[in-house]
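You will see two complexes here that share subunit A, one where it goes with subunit B and one where it goes with subunit C.
== the complex of A and B ==
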């Protein structure tokens, strides 16, 4: 069975039906991307998977356990990490404290080796580890948010718009890191408006339109799909 | 010399305000609630200490029991009155807090009577005056200042260095993201109420040793002034609450020292108005930004 299995979830904001019968799967070792325009419901789906929002009906299974009614902090400890849109680093805490928070569900003894791993992956964070993270640049904050999520030793990493607001060079760098993580065995569920970038690294993709999945295929197929080209890749 | 002893008085009063202000600020920092029942927790602490000592319990044990009673009360108030309103508008929470405050004051009046009763302060701190280089300092003043500062040092360590404390700061900064770290937000909020109420309990004993009587409404004025201290320091800021507490204590003592005793409360609330008009984030508060 798939690592993450989402079966016909429906999410409402008040009376607004934001997610309509969405189903998808993520297999172990894959990079899967959800693409779609602003407001299509991509972030809502991730928030529902990580337990911040609730689905009406439907089911979400992670590693064969139902998680659609579990508290968010329980879901994290099962090995599912979520890097939220806009990064949301704890701005008043230092870089290292942020990383420690990422390891909140892990035993104390794992923090030091975890920090070492993250610092090896993101040398920039090591240079700034005593700095208050609100003073970091956008790209550095994205690295911190990703490093923080990796501190929980996740089996599945969900990234929400990691390229948002970043300079093109930094976007390249972030995607290189995603590829590296993937090579190291982390499964990735990636939400992006930058469809070109996302599809070029993804094994499979789902195209979302106003709360519904309208198209699915592997990364290459979607990159070459006429409708996708027209809607998301600028012709 | 007179100035020095006035400064000691200011520190004594200010350290009590600081302890109480910390409870306001920590709770506000984490759930954006002005916990108006906080002052009444102090009152309950005073009664518990007085009644247990009167029942023959060893004074030190009585103090511990009083602090524990405050912790328990703070946590129960959160669970019963505030937790069900977590996703309600903040105004509902505020009105509930005022309701809890009235409830506690009136319950106390029903159970223990409306009259002020003497507090056995000498059982806890032996009253004496030390003459240090010509300055007369009471043992109560010294004990109050020392205990308060120790409590604040412990609190600072707890918040800055421990896992629980860091989780508290994380929840206070961004509740949703804290959940994504695997932090149990509800237990962190409970912990915050417990710590804030413990400080109120300590403050309660120190206050009762300084002004040795207890009454059902004793917490309301003390609570309000500590609230002013928290606002002055920057509500939500822990160092701010400490600074604000000492500042308000000093201000009161100075106003009294220049012979305007009748004006002390007026001056304290004038400070509140001035802060709210010209610097609503207080001395050390963060700029107020609405989270989206």
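== the complex of A and C ==
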């Protein structure tokens, strides 16, 4: 059984049918990406998985237990971490306090080793430990948001547009980190507009169009698929 | 590396405990020695009541980051609860007063939960409007349920009269200390972190696994509880409650204290509550007309503060006596001597 199994979920914003019968799976140890244009419903799917939005019908199973009705904080403590779009950091807290908040669902004793692990992964954050996070650069804030999510020791990490608004060099760094995390055994569900980048690191991908999955395949296949090339990769 | 000197935890408690007792003794002494006339004593009691009200509102406004405008409503609930209880409870004296204060807090807290659950689903101006509405509803209800089934209830527009007057300096002082201590320790705890995280960024807090609904309701309820305590002290201080005392302007007055002092600063709330309670009396002694215009003065003051220091006079700064002592010791370099001695003995 897959680590995360999403079965024909339907999500509405008022009367707008945003997600139509979407099903997908994420296996343990994979990087899976959802790509698609603006408004295709990528973020909506992540929010539904993490319990911020509710699906009408359908089922979401994580580690074989249904989570489609669970509260968001319960889902986090089950080992599913969501890094929301747009680098949401606690602006007036320091970097370290932000990371400590990430371990909110974990016992006290795990904070110190958790910090060590995150600092090893993100040396930049270690340099800025005592800095107020609102004054970090965009890329650093994205790293902080990812590091904070890792503090909850997730089995599955969901990243929503980690490359958004970052300089190309920074985007590369962020994706290098995703690859490293993957090597360390973290399963990743990645939502991206930057299809090229996302598909190049992903094992599998799903292409979304106006709330529906229109195409699926492994990363390489999708990169070379004509329709994907045309729609997302610029010819 | 040169280490910073830090006062160990038990000593911190001791230092603060001693300070609290000393302040109390000073107040008691000034009252018993007749340095404070009964007029000033009355002002002092009011200062205490408003400190509790402001510090509790600061919890919802400064720490949780919401803008409720119905704080006077919770004070009214607490005040009337305590008033009716004190008038009808067979036992009189201190036990009844303590019970009344606790009961007032609990009833106000229950109202806090009832209002909080629907209201906290909203944010910003919407929350302000719904709590404003609540405050007015409470006032109007109190005005209209003077007798229920033959039982004399709130006394309606004439007011609830003949409440036994138990509110004294020690009672107010102890309540102020308990309120500040409770809110301070709560904000330093894991729960406090969660509440601050919600203020900083609700989405991020949620994605960290903070149960945001629970903590918002909890902070709101604690805020209402202590507003109820303030109301109880107020009731037993005046001996007479009129619904008009708890109108919209009262909520605004308390909010002005919090905003002026600095949202998220307990010391700011305490100081602003003290100053803004004393100012009207001081103005009155100058001339009644000036006193009548105090709301105008408030608004000008508020505008000035908002322009020059939008975070309030003290921002989010919080007072810590032990931190000041540590700073002094570190600066004086006394600690270096101590440390060197320590090394030698090794």
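Quick notes on this structure:
Just so we're on the same page, the second predicted complex is superposed on the first by the 235 of 235 C-alpha atoms of A that agree within 3 Å, B and C clash if a C-alpha of one lies under 4 Å from a C-alpha of the other, contacts with A are read in each partner's own complex, and residues count from 1 in each chain.
The definition used in the following text is that a residue touches a chain if its C-beta (ideal position, glycine included) is under 8 Å from a C-beta of that chain, and two chains touch if they have at least 3 such contacts.
All of these numbers come straight from a predicted model, not from anything done at the bench.
Upon superposition of the two complexes on subunit A, a steric clash is found between subunit B and subunit C. Looking at the shared chain after the overlay, A:114 reaches neither subunit B nor subunit C.
Of the two partner chains placed by the overlay, neither subunit B nor subunit C lies in contact with A:139. Of the two partner chains placed by superposition, subunit B and subunit C are both touched by A:102. In the superposed model, A:205 makes contact with neither subunit B nor subunit C. Once chain A of one complex is fitted onto chain A of the other, the partner contacts of A:52 extend to both subunit B and subunit C.
Judged by the touch definition given at the top, the superposed model places A:162 against neither subunit B nor subunit C. Residues 50, 52, 71-73, 76-77, 81-82, 84, 88, 90-93, 97, 100-102, 104-105, 148-149, 152 of subunit A touch subunit B in one complex and subunit C in the other. Residue ranges on subunit C touching subunit A, taken from their complex, read 190, 193-194, 196-197, 200-201, 203-212, 316.
Of all residues in subunit B, those touching subunit A in their complex are 163, 166-167, 169-170, 173-174, 176-185, 286. By the touch rule above, subunit A contacts subunit C in their complex via residues 50, 52, 71-73, 76-77, 81-84, 88-93, 97, 100-102, 104-105, 145, 148-149, 152. Across the complex, subunit B is touched by residues 50-52, 71-73, 76-77, 81-82, 84, 88, 90-93, 97, 100-102, 104-105, 108, 148-149, 152 of subunit A.
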